[in-house]
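What follows is subunit A paired twice: with subunit B in the first complex and subunit C in the second.
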Partner chain A sequence: MSARLLYPPPIENAIARIEPLLDTKNRISRRSLALLLLQKDPILRAQLQQEPYFPQIERIVVETQSCFVESLSLAIAQSRHQFTTAIEQDITIQPSKERTSKYEWLHQLTVNPVTGIPILLLVLYFGIYQFVGVFGGGTLVDGIEGFFESQINPVVNTIVAAIFPWQVIQDLLANDYGIITLGIRYAVAIVLPIVTTFFLMFSLLEDSGYLPRLSLLLDRLFKTIGLSGRSIIPLILGLGCGTMATLVTRTLESKRERIIATLLLALTIPCSAQLGVILGLLSQEPTALIVWASVMMAIFLGIGFFAGKIVPGNTSCFYMEIPPLRLPSLKAILTKTYVRLKWYFGEILPLFILASILIWAGKLIGVFDVIVRGLEPVMLWLGLPTEAAPTFLYGFFRRDYGAAGMFDLHSSGILTGQQLVVAAVTLTLFIPCIAQLQFMFKERGIKTTIAIASFVILFAFSLGYILNQVLTIMEVSF
Partner chain B sequence: MITQGFSICYSPLSMLTNKSQGFITAIRNKDEKIVKKLLAMGVHTGMQITLEQTFPSFIIRVGRTRIAIDKEIASSIKVRVVSH
Partner chain C sequence: MDCHDCHQSCQPKRKKIAWKLFGFGSRKSVNNDFSHHAQTTIALVGSPNVGKSALFNLLTGTYVTVSNYPGTTVELVRGNAVIAGEKVTFLDTPGMYSLIPITEEERVARDLIMNEKVDLFIHVIDAKHLGRMLNLTWQLIETQLPVLLVVNMIDEALKLGIWVDENQLAYKLGIPVVTMEATQKVGLKKLIAKVADYVRSTPLSTTY
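Presenting the complex of A and B:
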């Protein structure tokens, strides 16, 4: 078989005419470059834009295109495909009967909406809620956090107090907001177990081939909120960690889809740390939990719907290859989880330490007191006690810290019933943590980040106000 | 002569019923990027295609590949139907 792939004559002619025009010093063969130009490769075109011979190439491309009904890329791809198919048929033997995958029946169950939707709900309930939320965020966090509080923190406090006689330095390293006692403790005791369980589950779903099936089931629903089925992956990741999810939005197809997903992540999706505390707090009052969940769901769909109308650009298309379902290998899952954790801590740990330093500096120079006093009228406006103000401020440094502060207020009896729901909704909507904000800035640029952040702050407090009024008028009691 | 019970028609994939089988006669979309993606996933004119599901998304099988696509992309694949 001839090793050379020949294209239809008009294309071969065009190649022959373009080749002599091109520089010989390029390391890529001129034939390949000519083919790329015929396919209107944007990168190569940008490189050659300034060359004197570029207009002539343009003319050749246009002339060649006029010989075909379909686009030149299509014609070229077609020739290549025919060529490879011929090779394939030459060297392979077709089994007389197509062998179907062992898990074909499972595939049918997962993609048929009648059985697929219940399976989807079960996967989310057991995989995310039970395993990550209850086991990782509850059992493991309580254990490690308790160990830190009772064993490590007192020791650190004593040692730091013994070495540094100055209260200021002591507070930087230890005590309530120190780098070791708050920053490292958060990273190891709260974030590590939650993120580990989440990444384990995510790698399992990924390797089994389930995620594309999840996407195809939800594509139609997501189209109504300006997204495509593809976006379910960052949004689910957002239930683990909004920061990581913001990074993953770069896998989405269009700029429009990336902006909408970033906004929804910043506004409506609670991260696992926050979710854990809020669920724990509200589950004592089932009505409160239902109100919180329905309000969040309504906002997710509503804001998505309007964002889909407002953000410019076309509705994104959805296409995804569906790999066969497979039993994942344990080793692959563990390796993936390990690599992700390593990346995560490399990125996140410095930010935790930075947050500790900022809280320390803010308290030291009194900026925090000013901000807290500024927030107090806002709290009254939401029908919340003024004691809730610091919770909102610290919530910016760590989302879960805000929710944890709410927990303290509730157990000391300051925050009750209706206030609890209003505070939970407002805090969930409220600005993402400092790390997520930084990644929004990295991924979306300063203008979009400022626009999203100002919208989120304004929306969170306005909605808190409205919710408080509505609950008061409707006399809902918790 | 065309025998009864056997019909030939050209139709966008989005109009076909579940489990239809046929051959791809053309791929046309105003967005060149989508055509390229389909080609990259191995969807070419002349290939045999099976429509496995139409709701909530379209699932097609081309060669040994299974692909989920939305209605918009499905309508850009034209098919000569061989059997329903």
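Presenting the complex of A and C:
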């Protein structure tokens, strides 16, 4: 005979009284529903609110509650806990003394601030800066990009010119803004190496179990900006792809946290393509990199702090399963990176091609030039050359597309050191790409999305302006 | 802005509208569409980070992202397999701690349990935290929906000196129990055999 869980008599009594009131057509048992009602389950209560018997259920719940000092939920949870613990003891053999995992010391090292912060810095320096920024965004991008520019583009241009005698069609496929010479080149030569290196690193970190420990480590810091340590995972994922990360904000407990995290993702967290290009470009000028990094950090903390004050609701308490540290398997990491890349490219390649077509069509009918001319005063206001205007326009299609445009600008020597910093900061802050907006809309709703998007645009350009002024006044040279 | 608080069955429809509004981009691996029903639907449920997705990949031969942290799966994912000659649809769900959800992603699994036609729930638990996780098992048993319990990560538990008596547990709970180490495919055959028992004994939905 299998075991049976009986709750304390007042609760069993209440269940017996609630059960006959409930509809028998439900998918789950009436006993289960009664227990949910006794635990004041908000979803079920909202569903039954209109039923004529609801007041009667309310009375039973109140009467039952009066028999207990503790809340009914707690009383029910305790009965269950005793019951399941008893079963556990019956059917398992437990070690005589608590045996700790052999990796326990490593766990302690990662969560203790004294050793944890240096470990974090090492991970950031080698994992993100050296591997993604310098290797992915520097070495790999330069190599593939150079190959494209010197080998592929001229060939494509010649072939296209040979097949299509019309300039219009030639421009659609090749030349400066063509689908192949711009769209595919951006995707393959600039975005692919950076995103691949980032996702490899991220997969390694997540499979090892390091990320939850990082959450634990940074929980207190995050509390000051109205977030719990849990939100570190979507935020770090945002360094890979803000779109993916916006979806993952679902794992956060309160609506308030989800809104703050979405805002921070839209505003301050650069995606891997942006990050890679920026790290790659700025690593040649250490001062520029430091200015960019400190401005971004300050904005992240500042905006987080104010958002934490403004967005209503309470800070949720931090509770998270801490999985064991595991040695990741190479196959799992490669498969995961491959799947993420496939998802990512399925998302971006059509958009890159679409952007090329839109730019082509826009140029053809003159709209593109009108918008670019409209942006030019803004560029001058930021102290940037007018040639930077198209880059901002690309940035709206995809962040990575804009970042790739910045790479082009820099290699052609148009941007000076100070302009590079201002452009990097403004583009990082500037509007999330279309795909991320789409997910914000889906996850947060239209009102929040519009509010966040308009704030981000205003903030990005104002901050770019201020930064340019400050750098000019302070005569910082790069 | 309140709309996303409702993850009821209206969700797939609303999502389609959202996609239509924006036009491009679709995530192929994630599919919340309930319209095309296979004969049998089996859902994997359980706390975060117990290996539901790893097991889902094993059962369906597809790949959904698996990681070593809670909250990797945030939406329902659907995959097919043929068991005992029948087409079976498996659903991978975001983790849940209890029938009463705290976060939005937990709500997805709860709504599935409360409202959707699922023929069998496979509750996946971590052998290392058996007592704590049986709590949800029991809540599922109380719903009188068909439940099969998978005690996963028995190898890791064994390394900590914890040994689980599968038969005794099945007897105590009155439901089928399979112990597994999903990443090593240990116990997979046994699980498929038990699932096949369910698939053969249609209709599946009501009796318990």
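Observations
Assume the second predicted complex is superposed on the first by the 352 of 478 C-alpha atoms of A that agree within 3 Å, B and C clash if a C-alpha of one lies under 4 Å from a C-alpha of the other, contacts with A are read in each partner's own complex, and residues count from 1 in each chain.
Operating definition for what follows: contacts are C-beta pairs under 8 Å (C-beta built on N, C-alpha and C of every residue); 3 or more make two chains touch, one makes a residue touch a chain.
Owing to the predicted nature of the structure, the values given are computational and were not obtained by experimental measurement.
After overlaying the two complexes on the shared chain, residue contacts for A:Gln78 are found with subunit B alone; subunit C is out of touch. Looking at the shared chain after the overlay, A:Gln167 reaches neither subunit B nor subunit C. By the touch criterion defined above, A:Leu252 lies against subunit C but remains apart from subunit B after alignment on the C-alpha atoms of chain A. By the touch criterion stated above, A:Thr224 is placed in contact with neither subunit B nor subunit C. Using the contact criterion defined above for the overlaid structures, shared-chain residue A:Ser411 touches neither subunit B nor subunit C, since it reaches no partner.
Shared-chain residue A:Pro212: touches subunit B and subunit C both. Counted by residues of subunit A touched, the larger count belongs to C, out of subunit B and subunit C. Residue contacts after overlaying the shared chain place A:Lys442 against subunit C, while subunit B stays out of touching range. In the superposition on chain A, A:Ser283 makes contact with neither subunit B nor subunit C. Across the superposed pair, subunit B and subunit C both touch subunit A at residues 77, 81, 212, 320-321, 323-324. Chain contact summary for the complex, subunit A toward subunit B: residues 70-71, 73-74, 77-78, 81, 111-113, 212, 215-221, 223, 228-229, 315, 317-324. Listing the residues of subunit B that touch subunit A in their complex gives 26-28, 31-32, 34-39, 41-42, 44-45, 53, 55-57, 59, 65-70, 72-73. Residues 2-3, 5, 27-29, 31-32, 35-36, 39, 41, 43, 77, 80-81, 83-85, 87-95, 99, 101, 203, 206-209, 211-212, 233, 247-248, 250-253, 255, 258, 320-321, 323-324, 326, 328, 332, 335-336, 339-340, 343, 346-347, 350-351, 354, 434-435, 438, 441-448 of subunit A are the ones that touch subunit C when the two sit in their complex.
The residues of subunit C lying in touch with subunit A in their complex are 1-5, 15, 18, 21-22, 24-25, 27-29, 47-49, 63, 65-71, 74-75, 94, 99-105, 107, 110, 113-115, 117, 130-132, 134-135, 137-139, 142-145, 156, 159-165, 168-169, 171-174.
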